[in-house]
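These are the structures in question, set out in turn.
The two complexes that follow have chain A in common; it is paired with chain B in the first and with chain C in the second.
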Partner chain A sequence: MIKRVEINYRGIYQKTLARRIGSDLVLIASRLGKVAFSNGRYSDAPERDGIPCKYFVFVSPDLPEEELEAECGAKLDIDVADVSIVLDDTMVKGVEPWAWHGVRPINEKVSADGCLLVVTRREPTQLLAFIAAKPHPYRLATLEGDASLSGLWVFKDDLTHERVLGAVAAVDPGIVTIDAVADYLADEGREPRRAEAARTAHAATVQRIRPVAPDAGISWTYAIPELPAWDAFGEGVAVPGVERRSELGPGGQARNAGFPRGTTKTERPVVRFDLCTRCTLCWLECPDGCFDPTADEYYDVAYAYCTGCGKCAAVCPVKECIVMVDELRFEDTASPWAAYRRDPAAYLAWAEGKKGPERRSYAHITGTGVEVRPAPAVRARRTRKEVATR
Partner chain B sequence: MTLAEKTIAYEREELLTGCQAVAQAVRLADVDVIAAYPIRPYTEVMDNLSRIIADGQLDAEYIVADSEHSQFEIVKHASSVGARAFAGSSGTGWMYGFEALVVTATDRLPVLFLVGNRALDDPGAFGVEHNDALAIRDMGWLLCWATTAQEALEHVLIGYRVAEDPRVRMPMALALDGAFLTHSQHMVRVPAAETVRRFLPPFDLGDRRLHPDNPISIAPQVNEDWVMELRRQNWEAARRARRVIEQAYREFNELFGERYGTPFFDEYMTDDAEVVLVGLGTVAMPARTAVRRLREHGHRVGYVNLRWFRPFPGPELRASLARFRAVGVIDRDFAHGSPDDGGVLLHEVRSCLYPLPERPQVLNFLTGLGGRDISIDDVTSMYEQTLAAGRGRALEPAVRWIGVREEAARGVPEERRP
Partner chain C sequence: MTQTSDLAFDRIAGVRKTPLEEFYASGHRTCQGCESALVMRQFAKASGPRTVVTGSTGCMYVANTSYMTTPWVVPWMHTQLGAAGPSAIGMAAGLRALMRKGRIAQERINVISFCGDLGGGDMGLSGISGALQSPYDLLIILYDNESAANTDIQATGLTTYGAQTTFTPPGKVHRVMQRRWKKNVAGMLAVGHPTCRYVATACSAYPPLDFLNKVRKALAVGGPTFIHTFDPCPKGWDYHPSYSHELGELGIKCGIFPLYEIVDGRVSYTYDPKKKGRIPVREYLEKQGRFAHLIDEDVAYIQRRVDAMWEEWEIPGVAPLKGGLRPA
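On to the complex of A and B.
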C-alpha cells in the first residue's frame, strides 16, 4: 500500500515551509517503521514568486524502498493523492505552475475518499464555490489559519508547520499518527508549544472534515492544453511570437495566452477609476503588462494575467486609488473598467465592498508580519472630462 | 578479527537528498578546496557545502568562481599543489567549462566532480539527460553513475580513492540523475568519519606536487615528438584503473559490510534470464520493479545496472551479456547520426559484444530524455520487445523511441517523417 501526499505551496514564499512539512512527514513515518521519501515537482523549479508549486511525500507500510521509489520516485507528477495539502487558500482557484500546463483544479489529484486539506479562515462552502466538481466523493478539511508567506531563505516560525503535521494525522492517520507527530515534535528538547500546536490542530481538524459529494463544486472552465506530437510543430526550438496587437480597451494588448500566470496571485489590485489622475504609472510599472489603456485614458486591468505583485498599488500616487485585495473575494477576471463604464456608482460601491474596512501592509523584511489599519474614507470624485460629457 | 569488526561502519541515519548526500561525503572525505558556481540541479551541493563549512564541520577553502570555466580551473590548480579538490556542475554549465575538464585529465589531476545530469540547452530545461556527463567519455576521465543517495555518498569516497591512486591519477566524474536523484529525500546511512579515514588515505601527489621545494613545470608546450607518448601513458592509466576499482570495492565492502557485489555493474535476477535490459542511473528502479512483476507471470527477465562507464568494463560485461538471447540497451541520451542512429550506450554495448562468436540480439530504447518519466509500464514494454527479439521476432528497427509523443504523421512532409 502507498500513501501519497502532495503539498501545494506558493513558490519562494512557502518553499521552506513545504519542504519542512515534507521532510518531517518522512522522518515521522520512518519512526513508525514505514518506508518513506519525499521530493518536489522538479519542473516547478526555479520557482518564481508566488507560482503554485508542489512537494510530495510517499509512505508505505509494506513496500520495500526500491518498489516505492519505482512507483513514485522518477515521476514528474503524481496520478492520485490521498491527501492534497493547500498551504494558501487562494490556490483553490486553480494552479498553473508553468507554460502549457493549463490552469488545473486544486483537487485534480485527490483520490476517491482522499482529502483536500486547506489552510484557510473560510468555510468549506466558500471554498467549494471555486473548486472543480469531481466524479467521485472525497473529503474537504480546513485548518484555520493564514497563508504563512515568507522569503526564500526565511522560515516564518509561526507554528503552521507543526499545525499542518497535526492536521495530516487528523485526515489520514494511515500516513502518520498524532502521537507520532507529537512525540517527534517533543524530541530533542524542542519547546512544548510545538507538540501542543500539532495536537490542538489535530483535534480541531477532526471536527472540520466534511464529505464532498460527487459533482459538488463548479464545472471547470479552463481547458487543459494538449501538447502536439513530435512531428506536429516546427523545428529548431523556435516558437511563434505572440501576435502583435495594441488597441484601446479591455484585452486590447496582445498577451501570451499559453501562460497567463493569474493563479500566481494571492491578492489583486482594485482600482477606483474616479480617483485616477491618469498618471500612467501603473501601466508603465506593471512587470507583467497587465494594464490596457482605454479610449477615455484610464487603465483597465487584465486580471487573468495579473500575478498580484502589488507594484501598481505601490506606485499609484493617489491614496486609495489602487488597493490590493484578497483574491478569494473575486469570482471572475472580468474587466473592471467596463463595469465602471456601465454603472459608475455601482462599481464604486462594489470596489469599496471588496476593499472592505481594513488595509493591510506588509513589512519590508518578508516574514516579519503584517500591519492592519482601518481603511481611510475617500469620497467619490468625478473628473472634469466626465462632468463635461454628461 | 576482520577490519569491519573493529570499526563502526555507519554512525547514523539522516534524511538527505542526493545532493545533500554528496555534500556529506565531501565533508567525510575532508576535502581541502571547493570551487562553486551555481547551476541546477548541482546547486544544492554547493549550498550545502557552504553551510557545512559555516557550521564548522569542514575546514576547506570555498571559492565562488565567476563561471564554470574558472571553477574547474581553480580545482585543477588546487589539485596540482596537493589539495583534495571538489567541484560540480550540470548540463550546459559543465559544457562551458569543457576546456578545463580536458586539461585536468591530460594533466592527470584527480579532482572529483559531481555532475547532476541535466538536459543540454536549447531548450532551457532542467530534467535529466546523460549527454552532459557522457561528453567527457573519451577524454581520460573516470565516469560513474550512482542510482541512490546512499550510493552517491559512497561513490564520492570510492571515487577519490580510485582517482587518487598513484596507478590512476585521473579526474573522476560522479553522475547523478538530475531531479530524480539529486532532489529526492531519502533516509541515508552516514559512514563514521574514522572508518572513512581508514578507507581513504590522505591525498598524496608525490613528486608531481607543485611546490617551491619541488620545482616542476606542468603542461609545457610540446609538439609532435611527445603527444603520442603522453596519450599512451593516459591510455595505460585508464586500463590500470579497472584493477584499482576492483580493489577499492573489496576494501569498501570489508569496512562497510557487503555493500556491493560486483564493482562495475549490478545484476538483478539474471541467473536464469532469457533477456536483460541494461541501463544507467535511476531507470534501475522501474526496471527492477518491472522484472519482479514480469517474473510473477513467468517471464525470465533480468536487469543489468551499469555503474562504471569509464573505464568501461569490457570483458566483464561481455562475459555477462553473452549468457542472454537478447539485450535491450536503455539510453537516456542521444547520439544523432551515429550507426543505426542509436544512443551512446548502445554503441558501447554492441562493440563490447562484437568479439563474441555468438552474440545476443541487441535492441536500443531511447527514452526519458529531458526528464521525461520512465514508468514501470514503459520498461515492461521494453522487456516485451526484447523478449520478442530474443525469440527472433520483430528485430527491426534496432532503435526505438519510448515515451515520445507520437501520432500519425498526418500532413508532415515525407522528408520529415521518421
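On to the complex of A and C.
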C-alpha cells in the first residue's frame, strides 16, 4: 500500500515551507517504521514567484524502499493523492503550473475518500464555490490560518509548518499519527509550543473535516491542453509566434493563449475609472502587459493574464484609483472597463464593495509584515461630460 | 563629433505617444513584478515589427519558451549561454547576405540580442566584445538582475557586494560572502571599443520612456551598439513584487547604478547626481532581503565605494581611473 501526499504551494514564497513539511512527513513516517520519500515536481523548477508548484510525499508501511521508489519516483506528476495540501487558499481557483498543463482544478488528484486540506480563513462552502465537482466523493478539511508567504532566503517561522503536520495526522492517520508528529516536534530540545501547535491544529482539524458529495462544486470551464509527445515535434523546435494584433478595447492586444498564468495571483487590481487621470503608467509599467488601451484612453485589465504583482497600484499616482483586492472575492475575469461603460454607477458600487473597508500594505521585504488600515472614502468623480451637461 | 542632442532619431516624445502595439505579449513564465520581462516588452515595443531577436540562456529564455508556447510576436531564437554576441553577428550577416542575393527585400531589419548578467557580463563577454568590433548593425541588451536568477539566484560578476545568493550565503563566521565589487560592464565595453558608437545604461522603471528612447537611439546610430539595463528582481533581491518600480528608482537615485549614454565617445548622464543629488545607499539596501544580514559597517563600505565612483573617478560611473596626462 502506498499513501500519496501532494503539497500545493506558491512558487518561491512557500518553497522552504513546502520542503520542510515534505521532509518532516518522511522523517516522522520513518519513525513509525514506514518507508517514505519526498520530492518536488520536476517541471516546477526553476520556480518563479507566485506560480503554483507541487511537492510530493510517498509513504508505505509494507513496500521495500526500492519498490516504493520504482513506483513513485521520477514522475512528472502523480495520478491520485490521498491528501492534497493547499498552502494558499487562492489556489482553489485553479492552478496553472510552469510547464503548460492548463488551468487545473485544485482537487484534480484527490482520490475517492481522499482529502483536500486547505489552509484558509474561509468556510468550506465559500471554497466549494470555486472548486470543480468530482465524479466521486472526497473530504474537504480546513486549517484556519493565513498563507505563510516569505522570500527565497527566509523561512517564516509562524508555526504553519507544525500546524500542517498536525492537520495531516488528523485527515489521514495512516500517513502519520499525531503522537508521532508531537514526539518528533518535541525532540532535540525544541520549544514545547511547536508540538502544542501541532496538537491544537490536529484537534481543530478533526472537527473541520466534511464530506463532499460527487456533484458538489462547479463545472470546470478551462480546457486541459493535449501536450504533444516528443515525436510530434517538427524539425528543430520551432513554435508559432503570437499573431500580430493591436486593437483598442478589451482583449484587443496580441497575447499568448497557451499560458495565461492568471492563477499566479493572490490579489488583483480593481480600477476606479472615474478617478483615472489616464497617465498611462499602469500600462507602461506592467511587466505582463495585461492592460488593454481603450478608445476613450482608459486601460482595461485582462485579468486572465494578470499575475497580481501590484506594481500598477504602486505606480498609480491617484489614491484609491488602483487597489489590490483579495482574489477570492472575484468569480470571473470579465472586463472591468466594459462593466464601467455599461453602467458607471453600478460598476463603482461593485468595485467599492469588492475593495471593502480595509487596505493592506506590505513591508518591502517579502513576508515581513502586512499593515491593514481603514480605507479612505473617495467619492465618485463626475466626468467632464457629466459636469458639462449639468 | 556628433553631439548627443544632435542625433536624429524617432524619439518617443511623451508617455501618451508610446506605441500601443506589443511585440512581446502577455503570457510568460516570469515572476510577479519581473523587471526583466518589462525590459523585453519595452525594447520590443521601441524597435517595432521589423525586428529579429536572439537571446542567450537565462531567465528570459527559460521563462519565455516552455513547452510549445511563446509570448514573442517578432521572431526570436534561443542561443547558448555565452553566445549573445556571435548569434547577433550571425543573424545580421545572414540578413545582409540574403538581401545582397536578392532573396529578401532590401529594408532595415533590427537585430537585437539579449543576455543576462551571467551570460553577457561573465560568460559571453568575449563574444560581445567581438560583436562590438563587427561591421554589422546590431544591438546587444544586457538585462542585469544581478544574479543567475533562472537557476535560483547564484552570484555572478555583476552581483552587488554583500548580497546573499545561493553561492554566497551569510554564515556565522563570515557575514559577507559576496566580496566582489560589481563588474563595470558598460564602462568596460565603451572604453575598450572606441569604434562602437553607442553604449548606454538604462532602467526600464526610471525615468519613464528613457529605456525605450535609448533603444531607438542605439538602432538609429547603427553599427554594433550596447545597452546595459538595471532590473530589480523580486525573487533574488527578496522584496514584495509591488516595489519593483521603487527599487529601480532608488537604485538610480542612490547612485549605485549610474545612468548614462555614450555617443561617439561623449558621455552624458541621464541621471546626473552632481545636479540632482544622491540619496544614501542605505535607503536602497534596507528594502531588500538579500542585504538583511549587513551591518552598518558594510553599508558604510558600500557607501564609500559609491562615493568614490562619483567623486574620484575621472569619468564618474564610467571609468574607474584617476589622473592620467596633465598639462604641464
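We adopt the following convention: the second predicted complex is superposed on the first by the 377 of 390 C-alpha atoms of A that agree within 3 Å, B and C clash if a C-alpha of one lies under 4 Å from a C-alpha of the other, contacts with A are read in each partner's own complex, and residues count from 1 in each chain.
Methods note: contacts are C-beta pairs under 8 Å (C-beta built on N, C-alpha and C of every residue); 3 or more make two chains touch, one makes a residue touch a chain.
These figures come from a predicted structure and were not determined experimentally.
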First (chain B), second (chain C), both or neither: which does A:Pro228 touch?
-> both
Of chain B and chain C, the partner touching more residues of chain A is C
When the two structures are overlaid on chain A, which partner does A:Val318 contact: first (chain B), second (chain C), both, or neither?
-> neither
Return first, second, both or neither, reflecting whether A:Ala129 touches chain B, chain C, both chains, or no partner chain.
-> neither
For A:Val378, decide between first (touching chain B), second (touching chain C), both and neither.
-> neither
Would you check which partner chain A:Glu67 touches, where first means chain B only, second means chain C only, and both and neither mean what they say?
-> first
Check whether A:Gly22 is in contact with chain B, with chain C, with both or with neither, and answer first, second, both or neither.
-> first
Applying the touch criterion given at the start, work out whether A:Ile209 contacts chain B, chain C, both or neither, answering first, second, both or neither.
-> neither
Dual-contact residues of chain A (chain B, chain C) 45-46, 227-228
What residues of chain B sit close enough to touch chain A in their complex?
-> 15, 40-41, 122-123, 126-127, 177-180, 183-187, 282-283, 285-286, 288-289, 292, 371-376, 404-407, 409, 412, 416-418
Which residues, counting only chain A, touch chain C once they are in their complex?
-> 12, 45-51, 98-100, 151-154, 227-228, 239-244, 246, 248, 253-261, 264-265, 279-281, 284-290, 293, 302, 305, 307-311, 313-315, 324, 362-366, 368
Partner chain A, residues of chain C touching it in the complex | 15-16, 18, 20-35, 37-38, 41, 49, 62-63, 65-76, 150-153, 164, 169, 205, 208-209, 234-236, 238-246, 286-290, 292
Residues of chain A touching chain B in their complex?
-> 22-23, 26-27, 30, 36-40, 42-43, 45-46, 65-67, 69-71, 73-76, 227-232, 237
